[in-house]
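Chain IDs A, B, C and D follow the sequence of writing; residue 1 opens each chain.
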């Protein structure tokens, strides 16, 4: 029961984060198609952030599916993750407003890196409380390789942005694709707990 | 249990989409009735979008009522639907700001078309996982005729907007009416799973 | 289960309505106390609307506690109520922006009247589906006298605003007080279903 | 069941409060790091308020875990707490906008004090309805010492702001730390109801 309220609160915060980002796409004052062309960097950064927050929701959902016991450490490391995720609309807006300029892209990569680290901290807190839970271990293993790959990509995206922000953008898309494309293990694991 | 979190997240996103649209109706700075007359295109487009998002909530609710098993495909096709729906406040604002000018109306029709297609994709993903579910089949059949009719109307609304946006508006209202007016089949189906 | 999603969606929309209203209170650009004095009409109208939306949440909660069967009519009359309630932030902002000028106060009274009528329509839809439910009948009776009193007050507030908006304000406060002050019947009814 | 809707509504409002505050951090129009330096007071006040709302969510969660019976008094004292918490985004924005000037800091301290008192009123309402509940008593005792300490700190922060707002800031941070740092009692109590 405790866990369900923590999930409900996290769902609420994630739903709001993912939706208020759209407010950064300002309504153009004229009706020409050129008005849409002008806001396309906002749109592009919105798509990217929507996908990342969506991935976090999916991983959060899978992670919390596996265990029952919560404590203050889990509550606060979850709050920590939500805090960094709540800054994504700001970083998204800054990146869109300045058409993927160097500094905003660096901030964005740094924020994604911090979110990734915060998710790992949450995982460790959950692991400490729910030892000897084979389902949790399995979920961890599955996420770990992708998680390490993501963190490496984010870390590379920061120095590469000094060279050319296109490279950072490619790395962001790469990470997103890695998480969205269904791997057979995920499908099988999901099939197991449903069927 | 998995399904309930997916529903909760979708409910959250839909509730926020439907409510933040009202922020597009800017508070007039003077107290005359004429100030209200000026914002009536915002109001009109808000009403239209409120009804469409409401219809999507209703259909989502009915669809998810019928099955139990979810997988990554359902999660991501649901996320895809939510993404396109999350752009409705923007399209609504653009249409209101420019008093139902040609381009915004075309964008709006195109967005509704994309949402309709995304809903169909979600249905197909659900069908693939939940084969041989007679309740689901029945729900599909019920939605299919109305769904095809809607997609045809949205598709017609795009070229017709080049001629006169009034025709597109009439088609939008027609689709909304078709979904809201209770048909006996829906009533009976609902009576069945309640009684 | 169906009912629980309808409640969850309504809770979401009401929670957002009640909270986004605070965004109408614009952050003053200077730090003097006089800056706060300037926004006090916003604050006052926010308090009023917070209380009214809070009352609607309370009544919605009590009403939905009493019955089980829902149908399309209930879903749509609930959507209709949420629509009118979603306009409260706009009416609140207009009233605050124009310091309780005549027209905004009339619009506000008219909106509250429409919300009151929409709540009654929802009640009638629920009653039609859930006949012979003594608990529902009891809840209806309890709400009816207060409901009629409120609708009369809102109706009086409209013509009185042409004379002096203070009278309308007094009527708004009166209605709010009537609903908040616990009457023994409510307490007893509540005690009954808890104890 | 009644309680669960009250929790859901409170979770929704708290999730929105904690997330819309980020909208106060305006997107800078240029891409220089100096643009970020300019908004750091917004960021700082956001962090502070995020932590405080997070603490309230945690305490609300723990409190509601312990009892079952609700009545109109609990509903309204909960609504009262949510009202004061809903003003935190405004006070946060004013404090950030004016870089921790005297008046906004005083308002912020006063608001936190009012929230603290409102939480105590909610506790008393819960206690009146749920007498002889040892789990509730234990939860009260745990929160009481920290609660009294917080209220004393907020009360001191008001006069100290007239001297130097740094002192008020230190007190805010002190209160936040007191609540976040896990004390063994909390851990043990949590371990008890989980294990």
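Following the convention adopted for this analysis, a residue touches a chain if its C-beta (ideal position, glycine included) is under 8 Å from a C-beta of that chain, and two chains touch if they have at least 3 such contacts.
In this text the structure is predicted, and so the values were computed from the model without any measurement.
Under half of the residue numbers at the chain B-chain C interface are used by both copies of the sequence. Using mean Cα coordinates as chain centres, the one most removed from chain A is C. A straight line joining the Cα centres of chain B and chain D is 37 Å long. The centroid of the Cα atoms in chain A and the matching centroid in chain B are 26 Å apart. Residues of chain D in contact with two or more other chains: 8, 12, 15-16, 20, 23. Interface residues of chain B facing chain A in the complex, by the touch rule stated above, are 1-2, 5-6, 8-9, 12-13, 15-17, 20, 23-24, 68-73, 75-76, 79, 82-83, 86-87, 89-90, 93-94, 97-98, 101-104, 107. Listing the residues of chain D that touch chain A in their complex gives 7-8, 11-12, 14-16, 18-20, 22-23, 25, 27-33, 36, 47, 50, 54, 57-58, 61, 65, 180, 182, 186-187, 190-191, 193-195.
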